[in-house]
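These are the structures, in structure tokens.
Okay, so subunit A shows up in both of these, paired with subunit B first and subunit C after.
Moving on to the complex of A and B:
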């Protein structure tokens, strides 16, 4: 495979943890699992990352991203967005996904991405819209990504978000973070090598993560939105 | 006879109407493996609510079963439906699998409790089930779904495939909730030592106070040992969803009992007096209906 420097640099830009879309506000269940005594070390973190990637991201978020990336127009993208809303029974997960997606979209509106600008108009008019996988597809199209590249950024930013949250919560140190990222990189590569069918329906099985996030409002003190 | 019971290809096809402040069956069609015998009025607080126990002659789901159910609740009816016990899902041949398709229609002012007992997935079992609920905006429903795993040899061999989908529409709208679980040859470690998993969906009317019910459910489930659970508001504020992981099947059953109690209490708080509080004789009409399988 030829090395596309331009695309690689764009991937580094959008996959950078310094990308100003508020990713630091989301732990995607890491904080809740730790608070509930289900996550205390690197091995358990790696298991949670594998759960997120294998049984949620690859089977749900990725499917939705692909549909939105291939959608003909903003109306069709919005249909996928509403499907994402319906497919997320937890209010806390829906809220988190929309907040993260809208923040990402907002940055690209400021960067004058044409599809981002057009789609943000729809998002502004419908409280159900703006979910993260959909915004990742829209931004990926504005960035000139291939579908493969958009998927890669989506999966990788999930990994870095989970690991970053674990570091900030004091569950692991910086070296362990790199070890976790290396393990997750291998798993993500395997998942990306397998292309979902065009008729794949979004599905997931992450009950512990779902519950940990949904219990967020019950906690007196928390750092993260999810 | 294995042929479909009705023109809708349903092996179980029940319809309910309200008559003299009570719910009665006006269509009762079933074919193997389903059996429906007498129905009852068991809830003293809702004397018009009909309790139906669906039995399966086979006692289990087998490898290539194609099971179809349809329930229609007409306006103002109240039904609580369950089955005789947890259902074993036995192994399926490679590339084969059992399917169960359940279609539930709840009209305005009607209330359904669809309380199927959990599935017990045996080694190499493969099951694809879907529950499609179309509930009017002023109707309500409680739908529960759960599974556990069992290896008769005690070798921790796992099931092969499970896909379970719950889809909610309100009066034919586009889907408001789609909860789809899919697992393929799961390894034991992903279950973290928990043995039973479930979900409950409480579809409510605008007159219900979701925040109040969420607090009641959270409180009711909070004291259960070995249960990891959360209650959350469903999309479009159409009701509440409960996700459950339990260390055994008893934990799931206890949780479902708590959820049913909160649901019934919520119904009573908004029910009109004739359906909720009148008393009457046991239903005779349903017993006279013939089975046409």
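Moving on to the complex of A and C:
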């Protein structure tokens, strides 16, 4: 057998774009970039996805997820969560990350994941906690995932969320969406092949995306939370 | 039903707030109904909060916040990402989180109104999200809406036919429309309102008190 079937099926379930964790409500800058005239076709979308993966996800979210996944207990997980809060300058990005993370955590509380239940208690008591990569680590542990699997689901759900938002905004069609996903799949695979060092610090550099998200509340017409 | 407390066990210290969904087509009067229900429920001593699902603007949430009818902090907005039915049915997690958050911030809240974004006749609420939901149509949308047997019309716990004052102006026989609605719904509740003037609101609140809050 080339792969663990039960793990592969679990990946398909949690990595499904229809997984009920509110992902459809977040465009992570796609809507803002399109509104500002900086994203209008598939080539530009692919560049944005590549930026999101290489300059944010791989160097920030993935590092934080790894730290939370390897943390000894809820107290240690919360420290990584606070680091996420402190390392995300955009208020809208912080808010979106917490809303997405809390929604994901909430699903696993109702599914009675023990770590999710314990960590949710901390999140409920501290408005700064509940960021998405941290919640992904927590539910990944409850799902019995390996660290590799948790990272893969995290990266892939980002890709599907970005592409799905672009489809709903009319930037690309459904065939182009598959082409974008295929291109992103290749890039994500390359990124996952490199293992970050244990001492890697989270960092990101996506200024146009950060600005597009930060301008969200100023837009009268918007469909997405971020 | 949403009866879990924060630690995943059955709530012991208090009863979770009832969650009441309000769905229906664009322009049928959902926000106007919420604006009428708020003072009517408050007058009967019901501790309430509101969640709106805005599609492309924060219009509905802001309208209710600025209405002066309710503490603006008790009004939460959830952006639906262009999918008004998704956020109330296939993936209601953001609305559930918003409701849980309102309950955390206002521990005494008894009833949370969840207004969906305007949608089509197939729009329905998840039972994981709401304990009771109503579907709002209006006479100006056509008296054939009940006969189309959309899932929203058929499956809602309560069907509200709004803007009854317009019936004579749009050629609608309101009594026939009501009878057809009752027929397709197997005689489950159908109530008539004119939200603009507040007519018919007491009957809805009576029903909520009886069927949702179990006060009678």
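The rule is simple: the second predicted complex is superposed on the first by the 224 of 226 C-alpha atoms of A that agree within 3 Å, B and C clash if a C-alpha of one lies under 4 Å from a C-alpha of the other, contacts with A are read in each partner's own complex, and residues count from 1 in each chain.
One rule holds for everything that comes next: a residue touches a chain if its C-beta (ideal position, glycine included) is under 8 Å from a C-beta of that chain, and two chains touch if they have at least 3 such contacts.
None of the values given here were measured: they were computed from a predicted structure.
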Practice task
Could you classify subunit B and subunit C on subunit A, in the superposed arrangement, as clash or fit?
Solution key: fit
Practice task
Using the superposed model, determine the angle subunit B, subunit A, subunit C defined by their C-alpha centres, to the nearest 10 degrees.
Solution key: 110
Practice task
Return first, second, both or neither, reflecting whether A:201 touches subunit B, subunit C, both chains, or no partner chain.
Solution key: first
Exercise for the section: Check whether A:215 is in contact with subunit B, with subunit C, with both or with neither, and answer first, second, both or neither. Expected result: first
Practice task
For A:224, decide between first (touching subunit B), second (touching subunit C), both and neither.
Solution key: second
Practice task
Check the residue A:85 against both partner chains and state whether it touches subunit B (first), subunit C (second), both, or neither.
Solution key: first
Practice task
Check whether A:122 is in contact with subunit B, with subunit C, with both or with neither, and answer first, second, both or neither.
Solution key: neither
Practice task
Would you give the minimum C-alpha distance from subunit B to subunit C, in Å, for the three-chain superposition?
Solution key: 17
Completion exercise
Per the touch rule, the subunit B residues reaching subunit A in their complex are 163, 165, 174-183, 186, 189-190, 192, 197, 199, 201, 218, 228-236, 241, 243-245
Handout entry: subunit A-facing residues of subunit C, complex
Key = 4, 6-8, 55-57, 78-83, 86-87, 90-94, 96-97, 100, 104
Fill in the blank from the handout: Listed in rising order, subunit A residues that touch subunit C in their complex are 18-27, 99, 102-104, 106-107, 109-110, 112, 117, 120-121, 124, 165, 168-169, 220-225
Completion exercise
Per the touch rule above, subunit A residues touching subunit B in the complex are 36, 38, 47, 51, 55, 59, 82-83, 85-92, 94, 128, 201-205, 207-208, 210-215, 218
